[in-house]
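Going in written order, the chains are labelled A, B and C, and every chain counts its residues from 1.
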Amino acid sequence: MLGYVFRRILFAIPIALGVSVVCFSLVYLAPGDPLQTVLPPDATAETIAIVKHAYGFDRPIPVQYAIWLWHVLHGDFGRSIATQRAVTLEVFGSVANTAMLALFAVPLSFITGYSMGALAGCYPGKIMDRVVTGAAVIGVSLPNYWLGLVLVILFAVEYMVLPASGMGQSGSAAFVLWHWSDAQFLVLPVITLAMIPIGIIARTTRAAVADVRNQDFVTTLRAMGLGEGAVIRHVLKNASPQVLAVMGLQFGYLMGGSILVETVFTWPGSGFLLNKAIINRDIPVLQGTILALSLIFVLTNLVVDLLQAILDPRIRRA
Amino acid sequence: MSATVQAKPYVDGRDRGGAAQPMLIAKELQRHFKVKGAGKGAVVRAVDGVSFTLFKGETLGVVGESGCGKSTLARVLLHLVLPDSGDLVFDGDTVGETRGISVADLRRQVQMVFQDSYSSLNPRMPVQDSVAFGPMVNGKSKAESRRIAQDILVKVGLRPDLFGPRYPHELSGGQKQRVNIARALAVGPRMVILDEAVSALDKSVEAQVLNLLRELKRTLNLTYLFISHDLNVVRYISDRVLVMYLGQVVELGPAADVFAKARHPYTQALLGSRLSMDSSKRIESPPIVGDPPSPINPPSGCRFRTRCPHAEAVCEAEMPTLGQWEDRSSHVAACHMTNAQSGHSLAGTA
Amino acid sequence: MNKPVALAVAEIPADSDFDGAPATKVRGYWQSVGYRLRHDWVTLGFGVIVLLIVLAAVFAPLIAPFSPYAQSIIGRLKPFGWRGHPWGTDELGRDMMSRLIYGGRISLMMGLVPVVIATMIGGTLGVIGGFAGKVANTAIMRTMDVFYAFPSILLAVAISGAMGGGIVNGIISLSLVFTPAMCRVAETATAQVKNLDYIEAARASGAGTLTIIRHHVLGNVLGPVFIYASSLVSVSILLASGLSFLGLGVQPPEPDWGLMLSTLRQSLYVDPLGCALPGIAIFITSICFNLVSDGIRAAMDVRI
């Protein structure tokens, strides 16, 4: 097991480096001189010289990458073009806000999706299964930003029971989770965000459970006189590695894929920051946010793989 | 069958050295596989210095326990797996040498029927296309290839109109193996390697396929290398027998001799386990005890000594060699007991 | 030595099918897939809807009652049926129905083109990676792993965000997003058959690598790749409209469902129903593609 943990961590390092290369090269994907993308349009000649030196744009690209990576490893992503604040600070604050959404969306979607899928998988072909399968397809086919708009129309415009957007008057600095006046701002974004993961997790769980139920050992268990409840426990346990893998992916998506939902609700999270950065063509912020989010994603995958290895000994030997 | 195909005298335009020249000579063939997770540099000695001669028109049976390297040897002979070292001479030409025979040419003349009749046919292809594939890639036109396939299907006892358009999953095990034989024969080989060609079949079907193979061999002037772990089958079909143990040849000789008077204790043990039901014919050696040692770290000296009832100090110190052999009738074994000078207490008795 | 009893069997008659009754029906893989699909009414039904959406998009100039670009200052955000506009008008007074019909063209294109590109590139790379030796495999698959390490919407946003908006950039970034997963599917399918005996047998018959891939590998890879590609179409439509919604995909004044959603959003409080329409279009298209893809998967996931 320890050997597997070690190998898996070793495997994540080149991936993380590759991710950093992709983020670094975003500057070069942008049309025009990369220098322009990191400079405010009204920069003086002096600023240009300073920035040029700081970014080393006069050096060969691999050297530039090394310099950039060196800075990043020291927590320095440069400065935002739009706000002039350190990118690290901006990214940190916004990722914390995204994490707050995920904190609620994760249990909501995991528990709902898993129970739906397990129910459907245990009664394949029955009404329950049809309803869940239908609902899950709807969940994965919904454009979630549109769902967000519809929820706003219903609950904020028509019935006016929930706020439409933002984080409340106090903003993110003074947000207090256990005050309803602040917490109510979470409700709609969390529900919207959870919709796709619910659909995906329900579908996967259903497929995994139905698959396990068809295996020979289940018949053997029944033949041994085990009660239906005990059989279902065995089935769910055997389906868990597959379900876990998908849950891990979905956790990553909730952290990194919330840009549309955050934009709809102007929730000041990482996605919203990303959107602002795109509008302002603020490449340092774009780079920093994407690097942070994808590293979280890499890390999640690592943790999930290790968890899976604990659950399923076969994986360790592969 | 004899009604449709006339027996021809032994003539083949591709025959170069005449009947006296061996079809295939293997010299010190070796193939090791790297293994992961068994320490640095660990290798499986799947084929470890195998030499033998296959004469034209004969059937050489290859026997040995599971994992002793029979399939790997077969693949090495076709260069499907490249040998680490050693030479292969086909009808006088060394394989892969500039003045010898190319691998592509070798594969036109040597074909193989694989162990697993299911996985050796493409499930997405009607079997007639599988059979026609060989001629097609060897430059025949589509129509010509199809005609060859139909002929061959008839020869293996399958009606082309009935079975040709079927997919492998619509055939029984015996029918699939017939198709596999047809697939190998469609290329027009002179030599066929049959790797456990009948092992997966049940007894009655096995007998039918074996008889078919004998018939085809006679009518098409084929030479067989027949791999099996079933001694009865090998006894039935082979002219000579080669016994393998952990990647090496331990005994080689005419089938009748080997079965009547095995010289290597391993062969004796194999035969003993086969005959143990019949007490009157039981050979005076205990059946094999224990599992074969790991092919990753084989024992020093004689590889069989860990399971041999006659093992002595010399067996641990020195690896016995296969004795000198000259022709089809020599019977040799790699055992110190066959060599009077070896220093084994029973030397010269075997 | 005792005689092998089981082998004492008489000669076999030449051309009879002695071991097994003749099969009555001869059916190949694709025929059985077709048979299953023809009897799957749900999939057929949703397939018809997909077909109608595609036809409407193709023949948009014939169906659309108005030009999708014609603006009107006095006719902004009008309700259903206003002056012959069946579904009202948008925030610039353009006919809603016409824009939705024309929007289908771009949205469907954004759903299909990246999937096709990713299938070709990823599929080819995957087959090469699966069939080639260890070095090529490692090089290809580890590169793919890097792109796989981004949540898909994030990668699409990153690339489009850096390159700037526009249909072409959107297609490029979505193709890049789908390629790694496609490559994995193709690689897995290839590696599964690569070591099967019939590939060895084909090599032993003297076939070259390309011939083997064409005749014996592609048939096994196409199935899984096609199943996966069909499931990506709906994802691609959703992602593409998401990009447009963020201002990264299609640019105004082109009619695109995602973009319409984004501009109509400003008038959310005035005209909530109009704002919902493009979303309904995206939703219906995406769910139909999803269900058809599910049907295709069910029909093709047969062991033979």
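As a convention for this text, a residue touches a chain if its C-beta (ideal position, glycine included) is under 8 Å from a C-beta of that chain, and two chains touch if they have at least 3 such contacts.
All figures in this text were calculated on a predicted structure; none of them were measured in a lab.
Ranked by how far their CA centres sit from the centre of subunit C, the chains are topped by B. Comparing per-chain C-alpha centres with the mean over every protein C-alpha atom, the closest match is chain C.
Rounded to whole angstrom units, the spacing between the C-alpha centres of subunit A and subunit C is 23. For this pair, subunit B with subunit C, the centres built from the Cα atoms lie 48 Å apart. Between subunit A and subunit B the centroid-to-centroid distance comes to 57 Å (mean Cα coordinates, whole Å). Listing the residues of subunit C that touch subunit A in their complex gives 142-143, 145-147, 149-154, 157-159, 161-164, 234, 238, 241-242, 245-248, 258, 261, 265, 268-269, 272, 275-276, 278-279, 282-283, 286-287, 290-291, 294. By the touch criterion given at the top, residues 1, 3-4, 75, 78, 80, 104, 107-108, 111-112, 114-116, 119-126, 130, 133-134, 137-138, 154, 157-159, 162-163, 165-167, 169-172, 174-175, 180, 183-184, 187, 203-208, 210-212, 215, 232-233, 235-236, 259-260, 275, 278, 281 of subunit B touch subunit C in their complex. Residue ranges of subunit C in contact with subunit B, taken from their complex: 1-2, 4, 6-9, 11-20, 22-23, 26-29, 196-198, 200-208, 211, 215-216, 219-220, 304. Across the interface of their complex, subunit C is touched by residues 14-16, 18-19, 21-23, 26-27, 29-31, 137-138, 140-143, 145-147, 149-150, 152-153, 157-158, 252-253, 255-257, 259-260, 263-264, 274-275, 277-279, 283, 286, 290, 293-294, 297-298, 301 of subunit A.
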